[in-house]
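Below you'll find a set of structures to go through.
Heads up, the next two complexes both have subunit A, just with different partners, subunit B and then subunit C.
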Partner chain A sequence: MSTLEIAQFKHISAIHNRDFNGLPISSTSTAVNLTGSWKFFRPKMAEKGSPCQSACPLRIPIAGYLRQLAEQNPAAALETLREINPLPAVTGRVCPHFCEAACNRLEFDEAVKIGDLERWLGDFGLDRPHRFAPAPETDLKVAVVGAGPAGLAAAVFLARRGVAVEIFERGQEAGGLLASAIPAYRLPRDILRNELDNLLSSYPAITLHCDRNIDPGELTALAKEFAAIILATGLPESIIPAAWQDNPRVIGALKLLATINRGMEIEGDRFTVVGGGNAALDAARSLLRRGKKVEIVYRRTLAEMPAYEEEKEQARAEGITIHQETVVGGLENRGENLQLTLCRAQKENGGIVAGEVLRREDCDILVVAIGQQAADGYLQAKLPETILRAGDFAHGAATVAEALASGRKAAAQVWSRLNDCPVPSETGEPLGIADFTRVHPDYFHPRPAVRPNLLPARERRAGFAEIRTGLSPAETCREAERCFSCGTCTTCGICWFFCPEVAIAIAPDAGSDNGKVLFDYDHCKGCGQCAAICPRGVIEMEEDL
Partner chain B sequence: MNNMPDIPRFHGNSNWQAIAAELMEPGHMGCPGCGASLSMRHALKVLGPKTIVVMPACCWAIIAGGQPTTALDVPLLHTPFAVAAAVAGGVRQALAAQGENETTVLTWAGDGGTFDIGLQGISGAAERQEDIIYVCYDNEAYMNTGIQQSSATPPGAWTTTTPTGKDFRYAKKDILAIIKAHNPAYLASATIAYPDDFYAKFEKAKTARGFRFLHVLAACPSGWKIASQDALKVTRMAVDSGVFPLVEMAADGNLVQTVKPAKRIPVADYLKAQGRFSKITAEEIEIWQENVDKVWMTPEKINQKNG
Partner chain C sequence: MQQEAILLGSEAVAHGVRLCRPEVISAYPITPQTHIIETLSEMVDDGELTSRFIKVESEMSAIAAVLGAVSAGSRSFTASSSQGLAMMHELLHWYAGARLPLVLVNANRALGAPWNIWSDQSDSFSQRDTGWLQIYCETSQEALDTIIIAYRASELLMLPIMVMIDGFILSHTMERLLVPDQEMVDDFLPPYQAPYKLDPDKPLTFGAAAQPDLFYELKKTMSATMLEAGPLLKECERSFAAIFDRAYEPVIHCPEGDEKADTALICCGATTGTAREAVKRLRQENIAIDLFKMRLLRPFPQTELIAALEGKKRIIILNRALSYGVGGTLSQELRAALYNLDRRPVINDVIISLGGREVFPETIMDIVKRRKELSPTASNWL
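Let's turn to the complex of A and B:
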């Protein structure tokens, strides 16, 4: 309630001097009228989760870190991202990006290239130690078996709570399948090593023991030494049909990939890969890069192949033949090589069996990539219930993001058990999702997404160079700007701009319950235009009682 | 800091704070969702504190508040219905006589005071090239007196005096063509639903000298029978369907389109979004669509129509 300063009119001397005979002049603000009493509904701030966040197994607050990237503050963006995802340079490359498939921008023009942004930020963080709020040190010690993504995530989230963690890894280095199975053209070795080294050196509470295999039989003894044990031993062995198991010319895809990844020589020239998952394509494409002749045999159609579409396209572009709806019906070891009997796949009783014989052909090595299973001793082991499982060993073969999420969850469960408290949540559960029906992109303009370059197929075949090029800092900023920030108020001011009542104020740093947008309920008439135009779907109308 | 990916640039700036200063007060008497109130708020942000508003009878004569209150932080002079343009010209000349040449004199009139009752006064002021900005905020009927038809009411629209819809034989007056025939110093159509365009045009009007005219489409939720939260959306649809093209007078005196909507929508979508067109027939929609198609949007076509 304010009386207008008559001085505001001083450039008009007649008004300033009230130099009008008999003319009525108003100089009190209409703000004395509490027009807020007219309304039946009132706006409120209701921040929500974004569809990308809810699609992400890790529930990364994507809108949050993309906004920091757009504001050219990558250091802050990195903090936001790594608070939830300890391995962004890895997931930025190997995750299938469930987030992009859920992006609201998909319904507007094209999804934001979240994966490439995550990758850029991950690379930006390779030489920047993790920063985290120091927790009071505890005298708790937890053992983690397996240094794959799940085990590492479990260790990181325990270490952040002040728990000492010892990781037992049977291999020579940390990383699990990231190191042994994912080819360098998808995840370069130096990137992986830098990311892991940076992670391990950031958390002094974590001790890694490599070349240290833990037998299921040892767990009881281990349980006495540690307050808790998390098993994240993964599914490191390829499944090989019993009839082929003793054949020296048959090899599991994971073993083959590990050999290649360690830079060791592979015997044989002609390879046939059986399977249709990412492991099959990884094996075939890695062999191709070693100059081998390779083809894939898959029992269903190309469209049904569980491998990522991008991988399929790239493999075909590189010239790998994929025989669809074909099964290996017979296998004859002829000493020098193998003779395969390739048969048409025939559906029978819900399964697929070998039908008519298509042809016989020779190869040197048969690579089997039809599934993976737990390591020898863990396959049948009955484990004490007090031992927690995480990662592929807990939930079956899944993505790196799911393994990280599982490790983080296991850490929270261990913490809850050791402290007799509810399971803590790092991400919180959003109250709602700002899906496309709730955001209002009316004042956005279509803008195409950034297009990362792919190495041409011919150059790809020549070696293990990374296929997808990274973004430049400028591209990163521009692409991050495309994010709608669904569900998060950015103090963009659109509501303020379109309020006919002059009843909205923007307080970028206000920490009040109302958030960053303040409504003047004394004057707001409840028209609802702010809610109808809020680009992020944050403002909602509620009944005014 | 770039808070505003892609959305309005706020007067050339990416940050709303650039235009944070208000010259309009809350607590005014506009209805919820009033397009005329919003238009005034932003018009004053462009024109600044050195503005005198002259206003005939219209919605805004009520919105501005009763004695002793005022919704504007600039001087506002209420005039009788027919004389707003003449009074504004007089105010401007009186200021000039005192050597005051900076202050913008703005006539802010509704469609009734422009298309019907004030037309002779506008014509005279335009003839004399009075140095004023005349803004007609057009909500397409006499709204504050209870929604009576004006000559700005589009055919087919319900008002209390056209209960079955305005007779389709009577078109909405082409006010831009009428004013254009007076060779104004500046002439444009605008709507706050296209804010960048709105700001640019008020900026041009502010710097030009002579008689300047802006035709501003302002949604009226009560009179158009739309929900108050849809006012902006429906106004955007008026532009996107081609019913209300955003144009301005170029240096050569021709009207050119300033906003080409990314996606053109059918006229029917615009009409069906409003309760006032509920009685319009399919044939009438078709005629309307054809009329819009004839002038749709290319400058050449608009010139053909107006030239």
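Let's turn to the complex of A and C:
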């Protein structure tokens, strides 16, 4: 058999001995051909805030720390989180998590369980001291009145700037309402104490004086000793209608909760709680756990109750009766008993008054949970303008996250005032929000959220054990992976893959902002594919001037 | 050794491709070509073929995938038909201009609208200016053999070759044929060695912008290569015949025809088989007709055609592709080629079939009998 030899075809002039001179191939580089000069638009990295971050009173960079959690780097995630939120083990449990209600994933399958992840990370950090960039020490001294979340946050953010802070707390321990009012089944005592101890020992610049009440009258003297004073005295007293104030069988919810939280005995067996907020539910559920008979009277409907939905649901599951649209029209002390006159709630002149009498009922104690107010003395006190307020005392009753944010803001304002500089910000300027229209769900897979176990109602009633179980490390990692990282570049490389000009380089270690994706503007023709496909809405096109 | 087998035309093509050991196959299914790549994908799945089979979402991607694969130095294969081939159009130009070898099998089928899946050569005829060699096959055996020849020629020329089979008439019809042994084919077809290829260690620029002067020169070279592709292809066909004992030429004279006849029929593709029968029967009726088959359309075998048709007074061309406003596409090609003859024959342009309209021996016999009534200028429709 003969085979063809290439040499036989030498007569083909176009192919010079397999030299192929006629092929459109060049050994020169195209680098000289700067096709990027053709473009009218250019891509840019524009990292954005996520909806969860913008919904968070503290503006925690949630996408950032969830990413670190997903990458199995909890230590880094903790740093990121605590830089903004000094009490994550607390907020992970008691915050209503506005973030979850804003999560883009809600429009895809279900929200990321940010609260449970924050809690896990907070617990992870209980025995890890806060780390913060050391600031040059100053000779500034600031007084903070009240060691609740707002006061503690103010102290922490001042201490980080090298300011010496003295906190004056009228109670026996730090924590404010966290310690006195939030029941252990929502926030276990040891978790709270560990987190507070860890915080205080991490910042030697903070000195805490407990059992030290500051009367408004003392403030003038204090102002001479300290460069600034931040008042974070909170709203520690329950509001009680004047007619009931001297009745020994009437007690404010906050006082009752403080007694229970201190482990003290409660007299009486049958309790009626008036109110519909979290304090009312906390009081009723705590009493139930102490083996008391308890029911709630609320003047509006269940749906209108301002308490968190989860709390309402759990209270009902535990068997607490809630009388809706009912008011206590009158009460009468009868020997050992208190007789309540329960009336139908009736709307009148924009308010609610007692209507027809429904029934009369006996109870031992009436617990009032219809609102909070400032401590005696601070109620009507006229305070010098140089004194800053923070927390509930400044903005009215709100969440722990709001109190922390308020404390942080007060610290920044004090710093600004003392240094005559602009108000500093830990969270930076918001860059716009990567809402659901900016993310590309095509790049993500539906996956159900983690379901933390809840202690069954029967077991819950038996004591103060924490209701919600924590996540395992594996669950934490899997749940954190569900985060879209809206508005944050994860160096996923989709833009690199789609770029038809090979004009994108990915540099995962290049830092947080515009360094992670590098555009070769000499060759980018501005087609915009990278911006169109960016799964997290980071890349944007701008006019190339 | 060559194994006797009864195979569908599409299977014969797949075996031809298998014997050439392509490293990459990429195609998108389209009737009547689908059987080809189905058979190949099964061969890959069974391990009979070690090619990388790239699934794609369109013919445009199929041709782009093999363009990349061949640029990187791999022998590759793709197949298509009709709308699919039309969808490749832009890259067919690019492919030839890039001077890369490839064998593409096209199962001839009509282009819509209206929808029609049957045999019609308009799809490949309308790609004749893309710089590809075009070979039309009459039988499945010819198709199998041509694929092997085409890889050899394509890699020597650094130009792509399109091999045509008639949709359904060949693709979906069984035929008794010989399948060569791998060893024989390996002797005939050495592995592809790319003179230049994509290689990050030796960076080169492929098909980058050429200034007008260089562009002109490159196209001149390509045109010269195309003109000399005819002799090279003939060399390959001769070598093939020496090994496999089956001979092919750019223009084939069919022995059923009468060489002395002054009228000749010219066909392209599987119609030739029907014409052979018609010519045989006409001879029984004492009507002498000669018969030729156009195997090669690009490069156009001008010399061979003039030599074959020298002295004929009438040429009847059976067209299965149409250039609207002119007439049968094959007729136009022949008219241009025969213009240089000293004594030009009468040329009858017959549109014998479009969209799979059946051609029977009687259809052709009737045309021949009415040959004096046929228009020498306008197209003749049935």
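Here is the rule we go by: the second predicted complex is superposed on the first by the 502 of 545 C-alpha atoms of A that agree within 3 Å, B and C clash if a C-alpha of one lies under 4 Å from a C-alpha of the other, contacts with A are read in each partner's own complex, and residues count from 1 in each chain.
We adopt the following convention: a residue touches a chain if its C-beta (ideal position, glycine included) is under 8 Å from a C-beta of that chain, and two chains touch if they have at least 3 such contacts.
Note that the coordinates shown come from a computational prediction; the quantities given were computed from them, not determined experimentally.
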Subunit B versus subunit C as contact partner of A:Leu34, first or second or both or neither: first
First (subunit B), second (subunit C), both or neither touched by A:Tyr308: neither
Touched partner set for A:Glu71, first subunit B, second subunit C, both or neither: first
In the superposition, subunit B vs subunit C on subunit A residues touched: B
Partner chain in contact with A:Pro535 - subunit B first, subunit C second, else both or neither: first
Subunit B versus subunit C as contact partner of A:Tyr521, first or second or both or neither: neither
First (subunit B), second (subunit C), both or neither touched by A:Thr491: first
Partner chain in contact with A:Phe226 - subunit B first, subunit C second, else both or neither: neither
Touching partner for A:His445 - first (subunit B), second (subunit C), both, neither: first
Shared subunit A surface residues [contacts with subunit B and with subunit C]: 4, 8-9, 11-13, 15, 24, 26-30, 33
Subunit A to subunit C touching residues, read off their complex: 1-4, 6, 8-9, 11-15, 18-30, 33
Touching residues (chain side subunit C, partner subunit A) in the complex: 97-99, 152, 156-158, 184, 187-188, 190, 195-196, 203-210, 218, 221-222, 224-225, 228, 231-232, 235-236, 239, 242-243
Subunit B residues touching subunit A - in the complex, by the definition given at the top: 1-8, 10, 15-17, 22, 24-35, 37-38, 41, 49-50, 52, 64-71, 73-75, 98, 100, 102-103, 192, 195, 221, 227-233, 236, 262
Complex contacts: residues of subunit A adjacent to subunit B: 4, 8-9, 11-13, 15, 24, 26-35, 38-39, 70-71, 442-447, 481-483, 490-494, 496-503, 506, 520, 522-523, 525-529, 531-533, 535, 541
